[in-house]
Amino acid sequence: MSTQVVYQRSRGLQDVETHYCPGCHHGVIHKLIAEVLVEMDLLDSAVGVSPVGCAVLAGNYFNCDFVEAAHGRAPAVATGIKRVKPEMLVFTYQGDGDLASIGAAEIVHAAMRGERFTTIFINNAIYGMTGGQMAPTTLVGQKSTTTQAGRDPLQHGQPIRMAEMLSTLDGMAYCERVCVADMGNLHRAKRAIKKAFTLQQQGVGHTFVEFLSTCPTNWGMSPVDAGKWVLSDMAKVYPLGVVKDVPKEEKA
Amino acid sequence: MKPEVIFNLDRCKGCGLCVSVCPKHILWLDETVTNIKGYHPSGISDQSKCIACGNCARICPDSVITVLKHQEEE
Amino acid sequence: MTREVLIAGFGGQGVLAMGRTLTEAGLKEGYNVTWVPSYGPEMRGGTANCSVVISTEPIGSPVVAQPTELIAMNGPSLARFEPLVDAGGLVLVNSSQVENPACRADVRCYLVPCMEEAGKLGNFKVANMIMLGAYIQATNALKLDTLKEMLATVFTGPKAHLVALNIKALEVGASYVKEG
Amino acid sequence: MSMQKELWKGNEAIAEAAIRAGCQAYFGYPITPQNEIPEYMSRRMPQAGGVFVQAESEIAAINMVYGASAVGVRAMTSSSSPGISLKQEGISYLVGANLPAVIVNMMRGGPGLGTIQPGQADYFQATRSPGHGDGHMIVLAPASIQEAVDLMWDAFALADQYLTPVMVLADGMIGQMMEPISWKRDQPLPEVDKPWAADGRDGDGKTHFVTSLRLKSADNERFVQDLAQRYRQIQENEVRYEATDCENAEIIIAAFGTTARIASTAVRQLRADGVKAGLFRPITVWPYPDQALRQLVLQDSVKAVLTVEMNLGQMHEDVRLAVRGDKPTPFYGRTGGMVPEPRDIARAAQEALQEVSE
Amino acid sequence: MSTQVVYQRSRGLQDVETHYCPGCHHGVIHKLIAEVLVEMDLLDSAVGVSPVGCAVLAGNYFNCDFVEAAHGRAPAVATGIKRVKPEMLVFTYQGDGDLASIGAAEIVHAAMRGERFTTIFINNAIYGMTGGQMAPTTLVGQKSTTTQAGRDPLQHGQPIRMAEMLSTLDGMAYCERVCVADMGNLHRAKRAIKKAFTLQQQGVGHTFVEFLSTCPTNWGMSPVDAGKWVLSDMAKVYPLGVVKDVPKEEKA
Amino acid sequence: MSMQKELWKGNEAIAEAAIRAGCQAYFGYPITPQNEIPEYMSRRMPQAGGVFVQAESEIAAINMVYGASAVGVRAMTSSSSPGISLKQEGISYLVGANLPAVIVNMMRGGPGLGTIQPGQADYFQATRSPGHGDGHMIVLAPASIQEAVDLMWDAFALADQYLTPVMVLADGMIGQMMEPISWKRDQPLPEVDKPWAADGRDGDGKTHFVTSLRLKSADNERFVQDLAQRYRQIQENEVRYEATDCENAEIIIAAFGTTARIASTAVRQLRADGVKAGLFRPITVWPYPDQALRQLVLQDSVKAVLTVEMNLGQMHEDVRLAVRGDKPTPFYGRTGGMVPEPRDIARAAQEALQEVSE
Amino acid sequence: MKPEVIFNLDRCKGCGLCVSVCPKHILWLDETVTNIKGYHPSGISDQSKCIACGNCARICPDSVITVLKHQEEE
Amino acid sequence: MTREVLIAGFGGQGVLAMGRTLTEAGLKEGYNVTWVPSYGPEMRGGTANCSVVISTEPIGSPVVAQPTELIAMNGPSLARFEPLVDAGGLVLVNSSQVENPACRADVRCYLVPCMEEAGKLGNFKVANMIMLGAYIQATNALKLDTLKEMLATVFTGPKAHLVALNIKALEVGASYVKEG
């Protein structure tokens, strides 16, 4: 009898429990990144930059080096790292509060400069870690602890589409929006990460993968319903797919 | 081919994502059991129906599941 | 009189609410009271606990480091906090959630199968009220009637029907201690 | 005015008190352990006819406060340690532009991201250096929710009176706990005339320019000297503290905020054990009740002054400045989010006395 | 004999000298704003927010109220003002270092929320006040004191187009890029200011006018040559014209 | 190593010294009066094989330093007062993550935007509270360009040795002036082993996680106590100062940086006028040379200690802490960008002596 | 119609913008004069050619120029 | 010996460069020297000035508050700084830029028509060198030769032809004082 492993825990992750809530997509996305790091043989030469947000402890979960950044500043920290260690594979992992709110200037400028690291952007339309306040990405009408009657465009504006906004910058080389709400999307998401890392190694500019993710706890939904809501509601405001692909456009 | 689905039950948070992606509908959350984390963990009802697609394992946020395929030596 | 109560369990078991109800009742009876929750990511999916102090004197420290009374709604909480309880103190255990519950010899201990009893009442959510009833009965810290009165002001309008259920839960819990 | 006791969570009570005191605008950004302040404000401010904006960052929040204050409106923000560090430039601008504002800091354990548990290690930042340049805030340190509530009126009044930012310096414990309070003060503060506000030209066409820039050093020095003059007034008139059992005490425990309320239990325990302990609790930590403490310390009975804080010894410096070496000044501190227990404080006091008698 | 005044110093300006270098367009743009304020009768009810940059003393020059903001934070300051004084006409006046670099997060979020004030953005492709360092808007190849061999896209990225980037946000109602390098453009620029102020009063959202401006001193050009360079070089990278006009689009 | 004298502008000399000392990466943002540092670095760093990035802000700059340092590279930033206020959170993170870094502050007159002329009013911010939480930086205060140059080697060495941010605290005068220097130290500092650096896993697959988060208070307290331990070591081993003419002086003038060099002229004038004046100049303002000053002050001859600063009296507090009321401690300060003149200082010293003799 | 162009010479910074936009090319910078600010101020060579278009005044960053049109009463 | 020199004029008149040349020359002759510019927006289009100290003693304050010597390249600078000059001090005035130049009675004063003289040399840019020559001649602070030597190292390659011109300018300035 021979045994084939269809799937087992990735070597790219440490053998510890995560603190994430049941069914939170943070955990799923972690796995995909870890799998790509293993497949590309990058565990020894990669360094991740974790945010302030639910993923603040990512450095305890991944099996590669990590640096924890101040809230919103991961792109600056990654810039510091990549500039002095261009041979390393550098990626940030940031939530929507972290990247799109307090850290808006840092990501805009990293993208403008075409910093050669990869941003993994977890858009779950809420501040998870701090208990469910409105994020800049919160949908119109969506309830949060600071928009208890739902986000009102007149008061709070409309959701910010970071992938589209950042793609106006010439330094952005590759930008795709994905999710892990079903198996097809999950596979696409993994390919996007791999592509971003590969392009990073080719030094083409900034690479950016936005994940539509879930926060079952603060959305007040079951994990499965949360996944459905990503596809039914979030993806309408934040269309899935490639937003920008300069290397491809150049080839074409 | 004999698929095998193995659960690291203490790590399971009973989120049900695996259940939702199983094409054979053979996974379920066992409400009669509470693991040390206080969750009702996932379980498989009919291993024989499993096609070892790996969906459950791939989506599990907590890497609870290992999927194996045992091949009779020919 | 100073009671320092620690209430601990899984998130979602109504541990913080139980503490707040107790605190509110203490205030109603004219005591000095404080309530402090554990907060932050450690709550996330994991455990929750809160400190309640009920006292005839001004309350200095609201954090209960050495409880006179512990309410443990699950096994990990019992394991973590029982060693801290004052000798001669009280430990209430939600025996539905603890395998082979056992207590220190130098504390007063009650096992309350909250889930089973809540199941019997047809609503698992009242498990914490059952435990609260048991606590009141075991300590005489406050009057059961104070809590009952409070319930009438908490559940109003469309929720008024819950008053009776919760009162029943308190009584079940209380009777459990009387009998146990 | 109802004096009935109500059970309130610290953060929410502070938010409600601000509104009742007459705060018209709140700008803030989430951070544990003060999230209930913006959350409460998001609900209640619009009902009260005021403004709530969730800012994109702490920096944006303090600058929104700056804007609202510059046009004459009572405004506040709140945050916790790392967020307060980000506001340092903005606070310095408030000082430089003579603008009133209220800032609540629910301190947590640092440095860096640290923990979200209570701490008191922003004392230096609050009392010594609100940003760069010679500036100060009036810093109020409540030890209970009731006091925090009452101080919100003072905070806004002092800010308007002295045209200065005022910080309410509390910690995660006070923010997160619940205890009964009564609404002792229920009248909003009176409107204050703000002829300098940039809310439109005066009738005679005179414009207002709110700025902290004074390119000519001589002008800037004149401004700083005026600040210094105001600070002397504040030091003379606005010092607040509470001294309990300090008369003829053999040991005085100096502590502020949460630590002080815990120390009060320690003092009771010590007294029960026959030790004549007293508690000196500054309510304004800037201006520091220097003279009051010194007077008490100089009593013959006093053998030592024990400072207790949730940090490595920051207020300790103010105590040493007041005592000037005339009595021993031991220190007991917990750090990094750990909250001292009464018995630990009592033990530290006993040890201090023993050391003195040796 | 009757005398008609073709042009005289605007009442919207105080009768003082400015500290601007000879021929700097800051002064020209000030005048246009002042003229519009007078024509719309807004001197009593307007408040400007000046930046940290060469325009830091604008409050001494305009004949309306002013508030001086910290570097980059003018949009936050203006938000604070407009929210508590919605009846006032509020505008910011920011340089490119101020708005596009350190203050990138603040302008993105003011635009996202659709804050009902007007941004006057002075893009002179350089840090004027501090003596000519690279700005995010500096052109590729342009020399500055921190890019002495010219801006290099690989090191410093390519110029950021704020008007285009911000126009991806739903809160942006009206966005136009103008200049004052010749009389035709000067007239168009004034109309743009007037339109922005008018739309602000109608409460349609954020209004934004970007000026391509000069810095003869730090560009090392004569004022007249600097104006020509705006048209010949800058306008190629930053096309003049309306970038977004939601009210018009809606009408159409 | 050439000991020939060369005329250098302060800012450029400091930048060049940093490179020669072994700095591998510079991240900064323009602000007067330190613009020549980034400008010089933009030219020279790439030539020296290092990294220069003009950051989008001071916040980004300090966080780039954090990143570079986290992977084991010697990095620095520079700014001036308002920009330093913006770095407070980042500095606190460096402390919390045990990361070496060098930060130059060319102080100007505050508060707020203030002036761009020299000031010393960031002393408290530098010495008391680098951001929130219990943290310190080693703070070096040069009084000449030569000393600033020499101290750059120390700054990087101390940062690496104690895993701490080090601030070089100077002012616009030192940044803008030119004077002759010689390159006394011309060897870059040796490479330091940084086993904690997140520059890739160890051979055995061990990962590195550089973080300032310690969610469990007990862990965070352990860290803070370790910090405190390191701070005690620094206080024991790294105190630096210069005492000139202090022996048997009747008046000691205490001053740092630019003010100290001006005071040295005043001391010469006073001596010429028959007044036995001395100058006490701390070079490390944190750790403060507390014991050294105290010893000198306690000499019988000393009638007063005059503190002179370009602020409202910040180092004055350290002097008072050292003197503990044992001698009079008058203060003379200029503020807001004004630089004191020797004759003013001399006059203040004369007045101080007169007051004592009355 | 008689145009008049008036200069507030002490405020002029000699930038030449007015010169560059005059359709009649009648403005110039007088290098023989230095004003109190140290600049060579602007001046008009032939007032009679002026068409009172106002360009010079409109573009002047320092509001140096006033342009008037005097009308003979009819 | 301590000379405290203040040099002031319009931006663009080479005021800072004049100061630097003087400072460099002082260093060459073995003196202690410092140079401090005025900086910031006040420079913009307006005036510029710098302080130079040349001394046999260590230099404490590099800021010249009370100059022993003032070089005023324009009227506003003369008006602003002349009152600060030490009694018995020296004032050098660029008389080309000052209408009706007049000096305090208690200072030594030289009027140097720098622009006119520079014009005669065919290059307005050497006006500051003319003034520097006058300064050296009037004070004997340094040797004219030191400056001349320096010029040879400053202007090299394609700029070498400027050496002679600048030396000439120094001499013209010097002669002006000798004669004046």
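The first chain written gets the first letter, and so on, giving A, B, C, D, E, F, G and H; residue counts start at 1 in each chain.
Definition applied: a contact is a pair of C-beta atoms (placed from the backbone, for glycine too) under 8 Å apart; a residue touches a chain by one contact, two chains touch by 3 or more.
In this text the structure is predicted, and so the values were computed from the model without any measurement.
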item	value
Common touching chains of chain G and chain A	E
Of F-H and E-G, pair with higher C-beta contact tally	E-G
Chain centre separation (chain A, chain E; CA means) in Å	34
Distance between the centres, which are taken as Cα means, of chain F and chain C, whole angstrom	55
Rounded Å distance, chain E centre to chain F centre (Cα mean)	39
Numbers and ranges of chain D residues touching at least 2 other chains	32, 56-57, 59, 82, 89, 93, 97, 112-113, 116-117, 211-213, 215
Per-residue overlap in chain E, given as positions that touch at least 2 other chains	20-22, 56, 68, 70, 101-102, 104-105, 108-109, 129, 136, 156
For chain H, residues contacting two or more additional chains	40-41, 45-46
Chain F partner contacts - residues on chain E that touch it in the complex	52, 56, 68, 70-72, 97, 101-102, 104, 127, 129-131, 133-134, 136, 145-148, 156
Interface residues, chain E side, partner chain A - complex	101-105, 108-109, 112-114, 136, 153-154, 156-161, 164-165, 168-171
Interface residues, chain C side, partner chain D - complex	20, 23-24, 27, 32-37, 39-41, 57-63, 65-66
Interface residues, chain A side, partner chain F - complex	14, 43-47, 49-50, 56-57, 59-60, 62-70, 73, 76-81, 83-85, 88, 105-106, 108-109
Residues on chain F engaged by chain A in the complex (per definition of touch)	24-25, 27, 51, 53, 55-57, 59-61, 63-71, 73, 75, 89-90, 93, 97, 198-201, 205, 207-213, 215
